[in-house]
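Please see the structure below; I have some questions.
Labels for the chains are A, B, C and D, by order of writing; each one numbers its residues from 1.
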Amino acid sequence: MSAIIENVDKIFNVSLIYATFRSATPIIFAALCAALTQQANILNIGTEGIMLVGSFTAVGVSYLTGNWVIGVLAAMISGAFIASIMAVGHIKYNAEICAIGMGINMLALAVTKLLLNVIFKTNGTFSDPKIVPIPKVHFAFMDDIPVLNQLLNNWSITEWLAIVLILVLQFLFYKTVWGLRLRAVGQFAMAAQTAGIKVTQIKYQAMIASGLMGGLAGAHLSLGYSTQFVENMTNNRGFMGVAAMYFGGANPILTALGCLLFGFADSVGARLQAYGIPSQFVLMMPYIVTIVILAISMYVKYRNNKRKESSLLAPKAQLKTQG
Amino acid sequence: MNIKASGLKRILFTVVIALVIGAVLILMIGENPIEAYQALFKGAFKGKFGFGNTVATFTPLLLTSIAFAVAAQAGAFNVGVEGEVFLGGIAAAYIGVNFTFLPKPILLITCFLGAMVVAGAWATIPAVLKAYYGVSEVCTTILMNTVAVYITSYLVSGPMSAGTANAQSHSVAVNLPQFMKPSSANVGVFIAIVIVVLVAIMLYKTKFGYKIRVVGTNPAFADCIGINSKKVFINSMILSGAIGGIAGCIEVLGVHGYFLNNFAVGLGSNGMLAALIARSNVVLTPFLAFFLSILKAGAMGMQQSTGVPKALVDTIIAIFIIVATMETLFEFKKKIKRKVKKEKGEAKA
Amino acid sequence: GSDSDSGASGGSSDEKGKDKIRVCIVYTGNLGDKSYNDSCNEGAQRAVEELGVEVKSLEGATAEEWESNLVSACEEGYDLIIGASSNIADYITEHGPNYPETKFAVIDTTVDLDNVQSISFAQNQGSFLAGAAAAMFTTKTDIEGVNKEKIIGWVGGMDIPVLHDFYTGYEQGAKYIDPDIKILQAFAGTWTDPLKGKELTLAQYEQGADIVMNVASGTGPGILEAAKEAGKYAIGVDLNQDNDQPGSILTSMVKRVDNACYLVIESVVNDTFAGGTTQYLSLEEGGVSLTDFAVIKESLGDKFPQDIVDKCDELAEKIIAGEIVVENYEGFGPEAQ
Amino acid sequence: MSEYVVEMKDIQKSFGSVKAVKNGFFTAKKGEIHSLIGENGAGKSTMMKLLFGMYPIDEGEILINGNNTDKLTPKIAIDHGIGMVHQEFMLVGELTVLENIILGFEPQKGLKIDFDAAKKEVKKYIEQYHMDIQLEKKVNQISVGEAQRVEIIKTLMRGAEIIILDEPTAVLTPQEAQHLFKILMNLKKDHKTIVFISHKLNEVMNISDRISVMRQGQYIDTVEKGNTSPLELTKLMIGREVFLNIDKTYSKAGKTVLEVEDVWIPSQKETSKIRGMSFHVNEGEIVGVAGIDGNGQSELVEAIIGLREVEKGSIKLSGKNIANKKTRAIRKSGLSVIPEDRNTQGLNREMSIADNLAAVEMDRVPYSKGFMIRQEAIVQNAKEKVEAFDIRPDDYNLPTSSLSGGNAQKVVVAREVSMDNKLLIAAQPTRGVDIGAIESIRNSLEKAKKEGTAVLLVSAELEEIISLSDRIIVIHEGKITGEMPADEANENNLGLLMMGGTHE
């Protein structure tokens, strides 16, 4: 304990901020992938599998073409392809969405392993200098500004992209025609249908968009966050994304906040491990913190609602807000 | 009658299409699909070992799938079964190792009770958060699974460690007898079947089951007729957790004889898969659990006795499952009807 | 690909397999970890080439699969079945007696049966050297990326006993060089998540470490990648990983699982299989060692700290001579079990 | 060119084995108000949903403006100038009124939805037809009447020339209904065609030009308003005469059964919060609660049955305080409820008629014994009730989702009335129910009263309140604004009190 207090400056230094964001980005991407379908009321349990296929494709294509852009695009296309299998199964053939999602996860795990074997003649891990990673963004002017340099320099392009995408999706969901239709379909499909919206079409679009996002999530894992493909490298990050999506109620910004909270606890944990706390406790911290914060925030919301609903409240104050 | 026949047809087509896709893949890597499928069949059914493997795989899957289904009947999406299996297992191991002063039969029962209590208590947390404050149980149970794994992992590499090269507990003093050796099938399978039968009876024949079904289909109605939907929701989650705990207990007492770190990885999600495909119908779910066990045991057999790589075996299994989820893929009858009608319409016009 | 080129085909019905010695290796995990399992497989493949045996690899991710794989191997009547890790030990103890004609070997632990040959490693000794090397390296401030703080790191996979045996040696070695040194320890909690490994490693660099030892199997590639990306250094494990991120890896603590595997197969081929015994492969037997630093030497050029190599050689001799006794974690060492 | 803007001929439509429409026929002329009437389940909604393209037709043809339309979808129907206000509102609760209105036809500026332009456009219609709606509110925060207007604006915005309204007045207060009729008249002036479905014959007689009648999926007749009477329409609809005006028996007031004293009840909506309300209901009397929807009626009922917190005050059932007790306990001490929303609160639509009929007493003898449920008793009970209450179809194994509105409501009434409890709360018992079923339900309430039950009747239907109640209380914004014996009440004085006016 005293060791932690002594080293508090080492644990909570500037680099923790970037570390938090860095470890949150894969989950942010995954959560955005899940949020896209969730807005249409489709629970995308297959996020994990879509990501994994994306990771594989990104590395494979980057290796073969020597071009990371093509790698990322290919990953997105492959993600969309996998998602469209789910979409057809679910929408056309009435597959239970979570069941087919889990089937997709199993397929992704097996297929990537198989293809690794067949195409790259290797097992488990594929890393090669010929894999071109997603470049990092370097601002030369920041080199001499210590804090900024540590904070913002050398982020991967996809990390910046994550921030952009959070905002883009926020805009998309709440400000655009497509977003409005998407949310209408998710909340009351029949109402959307009678408003002349083609519900299944929107659902397909949401699934495919989600696939593109999931593929990008995968590409970030294998070309941005690291430069390699490892069997099952998503390691439940897709599921974490689904959990985070629920945390934020499919609202991109709230969802991202949930991811950052998790990432923060995770990064602090990574530093705390050095001080003799049993590793399992440190490793479970981010999960517990996320649950606790979520529970507290929901409880506070519940309390506030209750207060707002109370009949004992003076009616006047209320009327003002009403008018 | 008709429904049964079309259901059978559907299953048949599912199997055929998956087999064909699989065969193509196997041919592509230059192996003999017939041999491979023979191996799959043998792996799942041949002899004490093959069939025993299927039974051993089936036991926990049956329980976890039913655990998920019971919660689903009350409207909960309990991803947390896996964590409950872990915690049930560790509770059983703790009691089985430390309460040796009890006579064997009592010790056995205590292990089961302990597992049910601990796992049930664990499931109470997301249930209460959901029922009273609207915290998504999907979110909390996903997160809590990892917590459960780390808790048990800490215990077996720390306070409960047997001090061996592996992270595991000491051996428990009471076991569920195995039969069909050398597979690890054990009498736990009968316990599991009895529990599933009890659960089915409970669900369709008892007051509590009626309440669960009412709450699962319409909580507002439940409240209005005087069923406390929150309480029933929580109780069904606890029941779900307890069943998961039993699965953990059987694995510890019947298969391993001690708590092995990480032993239950995938048990929860596979059970969930079986239940989801069956849409949490308690009567159908066991059959899907069995179907998945055959696939899993068969896959092991295929890896063990052919040159087909494991990744390919897993691919085929995954395709099987995906095809199986698509309910209406083989509704030829309807399609034909529709077509005929269309033609009629056109003829008229 | 191990499965496809292992050449194992079918059951005993295979004609040409009759005169060959048939070996089955049961892994707890999958091949391709670039570490322990791959090392074992390397030895096996060498045996295929040099001794003409037939090798079948059975991978498995869960305890259920491990046991089933082992039993099926028994049933298939292989001449030799190798349990690649300590996780298999209990199943060999349980089922081994039922197949007295089958020879078994188990790596990394001991099984006390007449038809089982056990092989263990003195990973603590190798780690001692790694720790000493790291402790010396962390103050070589003339090398780019090295700070003057005396902090080194260590990242493990799952928090299980054998890793503590590694850590015990590492810590002792580092403290032997400099009693004031600070060691940051972390477990990823998984064998298969390189991204987690990378994050933990970066966290240690951000806390002042400049060299981190990898003991994390499939999680390890992330550790090595972190070194490269942060411009810092790492120490490899199990296999010679010096070339995985050339220039960022000081050395690797090689655990010759490949040798163990090869030797036990050879003993069966030569009919010298010694069931019921335990081989403890230490520094002396070449069971563990550091690599020759060649890759980093080339990369650092004249900044290469030759004194580390010399010191390590000296320490190795002392350990072999018994002048330095490297401690074991409870349950490990030559007398364990 | 024919004189009709809509022609539906020889229409057939089945859902599985249910023939919803067997021989459908319907025409509409430009600029007319054409009512479509029939019993619950007669096929009215289905006919209109077919016209709006929500399902494909099995047989027959649909001409719109003389064009044969094959394969209608809502989108195509909208393009043909058809708009539909559904029986259950097709509004997304979580979206704002404005978003709901423009859904599917959103004006765009760049990538964004141009809410300003949309607002301007909507305001035009608001002014033209004098409909007041709050565009920024979320739909689940507005009243039904307002939601109704939102639905109408939705159709207008889409350029509808033919507007179908499926039971638009079922959930409206008389004032709101009058408001709606004014709007419809204005629309008619603008040469829009209106199809109006209702069970309320006085309304139908009031506003229609022509009236079409359906019975059991079949077209019966179309009549000019001038040539018919409510009596004749009733006969066309159900083939016999119906007597809605039951003979009220004034019983002497017995002991007090329900006593509500200064209760304060929370609510999401400010106008629905109950602030200090007191009243009582005696044995053998029906007390009617009149009020515009959303003035606390639902909250009051929920509080009495234990589904909503009572923040202050007491509710006594036979002298025992039941405020904040569990529903189960309250029901045990003698309460029956016909909840206002039969589909969510009154019935479990996925369960069988038999299960629904036994639901409240499932954990009591004879339906269960120990832990186990006794199926025979449930079936026995179902047989009796299906017969006694004339529930159709009489196959008690069907899920209640397959029942028409009237028959579904009969299931709820049958269950609640036959428990012989001391107190019966009936909230909107006849909403959206056909005239035959209304008759039967009202008789059940009257019978319960005669047997000594205290009945609290909450209804938006003033006619119903006046003709059934012994005593009437009027509530406005969570407070009682007046109380009077039923024979002193009329639509005028009640209406005034409902708007918050005071008793003169």
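Criterion: contacts are C-beta pairs under 8 Å (C-beta built on N, C-alpha and C of every residue); 3 or more make two chains touch, one makes a residue touch a chain.
In UniProt terms the chains read A, B = ABC transporter permease; D = ABC transporter ATP-binding protein.
The model shown is predicted, which means the values in this text are computed figures rather than measured ones.
Trainee: So which chains count as neighbours of both chain B (ABC transporter permease) and chain C?
Mentor: Chains that touch both chain B (ABC transporter permease) and chain C, as defined above, are A.
Trainee: Can you work out the whole-Å distance between the CA centroids of chain B (ABC transporter permease) and chain D?
Mentor: About 45 Å separates the centre of chain B (ABC transporter permease) from that of chain D.
Trainee: Round to the nearest whole Å and give the separation of the Cα centres of chain A (ABC transporter permease) and chain C.
Mentor: Distance between chain centres: 35 Å.
Trainee: On a C-alpha centroid basis, what's the spacing between chain C and chain D, in Å?
Mentor: Using C-alpha averages as centres, the distance is 75 Å.
Trainee: Which chain A (ABC transporter permease) residues sit where two or more other chains touch them?
Mentor: 113, 116-117, 278, 280, 283 - these are the residues of chain A (ABC transporter permease) that touch more than one other chain.
Trainee: Touching at least two other chains at once: which residues of chain C meet that condition?
Mentor: 1, 3-4, 30, 159, 189
Trainee: Can you list the chain B (ABC transporter permease) residues in contact with two or more other chains?
Mentor: Residue numbers touching two or more other chains: 29, 150, 153-154, 157, 309-310.
Trainee: Every pair of chains that touch: which are they?
Mentor: A-B, A-C, A-D, B-C, B-D
Trainee: Quick check: in the complex, which residue numbers of chain D touch chain A (ABC transporter permease)?
Mentor: It comes out as residues 52, 54, 74-75, 78, 84, 86, 89-95, 99-100, 102-106, 108, 111-113, 154, 158, 264-268, 270, 273-275, 311-312, 478.
Trainee: Enumerate the contact residues on chain A (ABC transporter permease) facing chain C in the complex.
Mentor: Going by the criterion above, the answer is residues 7, 10-11, 13, 15-16, 19, 22-23, 26, 113, 116-117, 121-125, 127, 221, 225-228, 230-233, 235, 237, 266-267, 270-271, 273-274, 278-280, 283.
Trainee: Taking the touch rule as given, give the residues of chain C at its contact with chain A (ABC transporter permease) in the complex, in rising order.
Mentor: 1-4, 30-34, 38, 153, 159, 183-187, 189-190, 192-196, 198-200, 202-204, 206-208, 218, 221-222, 225, 244
Trainee: Mind pulling up the chain A (ABC transporter permease) residues that touch chain D in the complex?
Mentor: 171, 175-177, 180-181, 183-184, 187-188, 190-198, 306, 309-312, 315, 318-319, 322
Trainee: Hey, which residues of chain C end up touching chain B (ABC transporter permease) in the complex?
Mentor: 1, 3-4, 8-11, 30, 58-65, 67-69, 71-76, 86-87, 89-90, 95, 98, 108-109, 158-162, 189, 330-332
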